[in-house]
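Here come two complexes built around chain A, the first alongside chain B, the second alongside chain C.
Take a look at the complex of A and B:
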């Protein structure tokens, strides 16, 4: 009895330490989210008194082709910001740890890691502006380079053609994003017992086999974290679109976060913008729960 | 996550930011006894307006001993996006440059956030200085629609579009300045025949839509403009003027008058390309005038759109006095100074379009031509405003639809997209 109560007290002892975080969460995320959800049931120009319209904004959203198109674009953005960088980051981390580090030393591996991480340090807006110059139809470096190597016929208005605009934006996203998974995976690989690789090598495993049977299973928790983090970032992708295309050409690169911004600040239709933001937030929360569950199940099985 | 909560969160953060500004403003102000006039605007210091208003500040301080002007330079978008919150807070400046039009000044006037200055306008005679077509953007009705009966702002400059041309390229290719639309088309053909794209364009921003609107204006009249801009009648995007405009613009892209590769080009880049001598012509506003004069390395001049009886243009953005201004009388004094002939002449000679200048005092030849061109349109009610004004968010829709037009979508589908946004933005 005494033991139980003291254990209970012991268990509750950490609660005061959660208060600052809870207060911050309530003030910065909880209350604004509830306010945003409340606004989504109104028609409001951002000033004056909001008019209650119930579920009208959501009904309109359900039939809004541009909104659904923006979500479809977001699926490709997830490929560009989460899936491809994770895959490339995995391969690069393995190459840097398993090959470069072992054959050329940790300094060479660190230098290469820093180079690949560099785009992460640049503000996205700056990176976006630089890429919009590189991809410019007239005198942009990409088209000039294609011309210089005899492939001038491929020169293109990369961001102006609906067939290539989203792919071009995705290319920029991959370039910006790779550094993040790389550093996480490399640090994950630090804790992998080198004897595993040695044993595999003695058994005659090729690099590809070591990558598949040692690297990936060993850093599965990191892969989950990276995928979760980058997928949420992809759903929130805004500055890339704002700087590079502003949703164009003709809505071809529109994503929900930008679409929401347009309704907030361009159309002064704050109620509708809030509805988009609410749907997006709920999507992010749902996705996070799914990821965490999958991760929990995965780790549970391992134990 | 924080970003995604967006909306209300952003508004809340901005509101909190404005409260901080309030605190700063109070401590800066010391006592609110009219010791400081807080002015916000977004004109570049080297522009005609920037030069003239700096002079006005000096004049104001000289004529109001003990009062200091605290000028804060903002960005156009910064004021466009945050004005409702700023004006609705205690941190509102005393006088602020604000965007004209139904979705901006009109919206705030309807919400009661701007001071109605009609008595002051009459008392100081500002209504006598401004031509009726310039006044339209300063006056709003109870629904916030421009051209109403109550003054909520005062423009001290104006703007309109004209064709900037590279005289050196015209001379080199033996091309004459066109005076009719047919001659204009022949000039365009002549450049295309030489492998030169004749018109600079930026499809990712305002330029493409302004070509389309000008083409529509070539087939339109004043009631058509009023119906479109001021809802005095029904606007039908399948009418002959809009159909001609969209079809002709698409045709111009096909013929190479406008580069298809300019879909993703921004206005700034198009202007820079013109100033670097890449394109012989650029159809754009007098806001480029000062920069072209400073940066173009070739001989250049301007002409109005050949054959146009109406063109894009209006009174400039407005001086408004927020309801929360603590020094309204000082604000009116300052506006009054910016309308004085001396300041207006400085504005004109620095490449702006003054609204109350002494035209004989504008001595720079190209500036004089610019002002004379404007006066001609203003006096014949030929200022047709801008295509994105009638509906909130219409600007983005115009960008999107003209990009589609350049990428080969049919004029009918593009016009139908515009109709949808226009109709949904009509005042309820």
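Take a look at the complex of A and C:
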């Protein structure tokens, strides 16, 4: 690698290794993605020839109350899948490393971490089956438990009542999700210099103060990554909805990803479904850019 | 966090009569495996389990292979425009599958691959290898150059260098990827739900999800289903717990 041209040739020699990957990528991701975008400008039932309708689907979306409702529900899904788990994960990570690890040893801390992480490895469908059964209106474990501790009046058709369905789904999501931020934050905490904590302790900082002034600023990069990752996951929350509520009752838990599925495979209004999927994709891309920008600025300031 | 698991195990071991009499919270009076057996037979669980194993296993191996090839060109070959390739690939991972699923369904139909396990294996090999390429490229771009030069001087060609020098060194990362791809594919739902409609091809998630959607199950059968569904992943998790948390943190710190 002496001259520029030989470096260029040298690099080109690696190109064949990229060919299978690029071909497969084009066929499985690139072309379908473009097809979906194209279809979103058409009226198509999935068979026959699509008719070009320009922006009609998007105009219809703009005035589709159900669609807007599905996005509002998704905001709550983000709270349940990203924001709450991140906050709880932060506190738990701090408690596990700061208190449990110190007083009961690292084994206790990592055993607890493993238990909390466990729901993360379950297929969401299975978690959904477990919970829709626990939350069942008659003889469901949650209602029976409420009765047993004298709160029987709170017993409820958790997933079947439009007023509580989305909140119940959020609760299940929190249970599924906390493990992910917890594991990331605990490993992030390991690279924090212990002398920072010691210094804070000598200065008389309480646990809450150490948490707020040492832990959070130190693992800010991890917080960003976790929030980005879980928010994107929340926008794609399909199996949760499919298994727990199927978007019901009365659309109370409908989200864009489920809404597009319904149009694709139940209403066979593929053009409209594609438009929903396209809007969802644009939202994901926009969010990713915003997050990465914020993160870049943050890192820039620290330097 | 673990209480739901305990409740599931309790009730999977009860008879329907016992469930009605004592409710979901009471411990089982004995070991009744009827619920589990009924459910196993009704779904053909053995078959479904085999499908999941076959699909996830193939995807894990193929996606690691594809990632190795991609990452070799990008991380070690430092091909021009590699940043763009990486950004593009990462898009594949963040893109909602909703925006791919109908065209994929349509194309699979056209190619006669609809309702085959092969179609799902191809799709997930590509999706998982997108992340794998991203992770492995950054590992490989930090690869010790003198090792490569030494091998070249010894007369090894690029293909030999890849398999005899690079792959052995990055093997720990490959193992982590293998485990993750397996679990991720195992847990996938939307695309398998649409692609695998016949009972013969369904995965665990799809078979249970469809059944649940129809709400045909009684309480003991639900818990038997949940138990059978979660057992394989829990066993897998217990075996690979360390690998998993290592991989998770490796991915996070890379950012």
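The definition used in the following text is that the second predicted complex is superposed on the first by the 273 of 303 C-alpha atoms of A that agree within 3 Å, B and C clash if a C-alpha of one lies under 4 Å from a C-alpha of the other, contacts with A are read in each partner's own complex, and residues count from 1 in each chain.
Everything below uses one rule, namely that contacts are C-beta pairs under 8 Å (C-beta built on N, C-alpha and C of every residue); 3 or more make two chains touch, one makes a residue touch a chain.
The model shown is predicted, which means the values in this text are computed figures rather than measured ones.
Of the two partner chains placed by superposition, only chain C is touched by A:13; chain B is not. Once the two complexes are overlaid on the shared chain, A:223 sits clear of chain B and of chain C alike.
Between chain B and chain C, the partner in contact with more residues of chain A is C.
Looking at the shared chain after the overlay, A:214 reaches neither chain B nor chain C. By the document's definition of touching, both partners, chain B and chain C, reach A:238.
Legend: residue contacts after superposition of the two complexes on their common chain; A:121 is shown touching chain C, with no touch to chain B. Touch criterion met: A:28 reaches chain B and chain C at once. Contacts of A:262 after superposition: chain B is touched, whereas chain C is not reached. Looking at the shared chain after the overlay, A:141 reaches chain C, while chain B stays out of its contact range. Once the two complexes are laid over each other on the shared chain, residue contacts for A:45 go to chain B alone; chain C is not touched. When the two complexes are superposed on chain A, the residues of chain A that touch both chain B and chain C are 28-29, 31-33, 35-36, 39, 46, 132, 136, 232, 235-236, 238, 246, 257, 260-261, 264-265, 270, 273-274, 277-278, 280-281, 284. Residues 8, 11-18, 20-22, 24-25, 27-29, 31-33, 35-37, 39, 46, 113-119, 121-126, 128-134, 136, 139-141, 144-145, 148, 175, 178, 180, 183-184, 187-188, 221-222, 224-226, 232, 235-236, 238-239, 242-243, 246, 256-257, 260-261, 264-265, 270, 273-274, 276-278, 280-281, 284-285, 288, 295 of chain A are the ones touching chain C in the complex.
Contacts from chain B toward chain A in the complex involve residues 1-12, 80-81, 84-85, 88, 103, 107-108, 110-111, 113, 203-204, 259-265, 269, 273, 278, 392-393, 395-396, 399-401, 403-404, 406-407, 409, 425.
On chain A, the positions that touch chain B within their shared complex are 28-29, 31-33, 35-36, 38-40, 45-48, 132, 135-138, 157-162, 165, 232, 235-236, 238, 245-251, 257, 260-270, 273-274, 277-278, 280-281, 284. Interface residues of chain C, counted against chain A in their complex, comprise 1-2, 4-5, 7-8, 19-20, 23-25, 66, 69-70, 72-74, 76-80, 85, 88-89, 91-92, 94-107, 122-123, 125-127, 129-130, 133, 158, 162, 183, 186-187, 189-190, 193-194, 204-206, 208-209, 212-213, 219, 222-223, 225-226, 229-230, 233-234, 236-237, 241, 244-245, 248-249, 252-253, 255.
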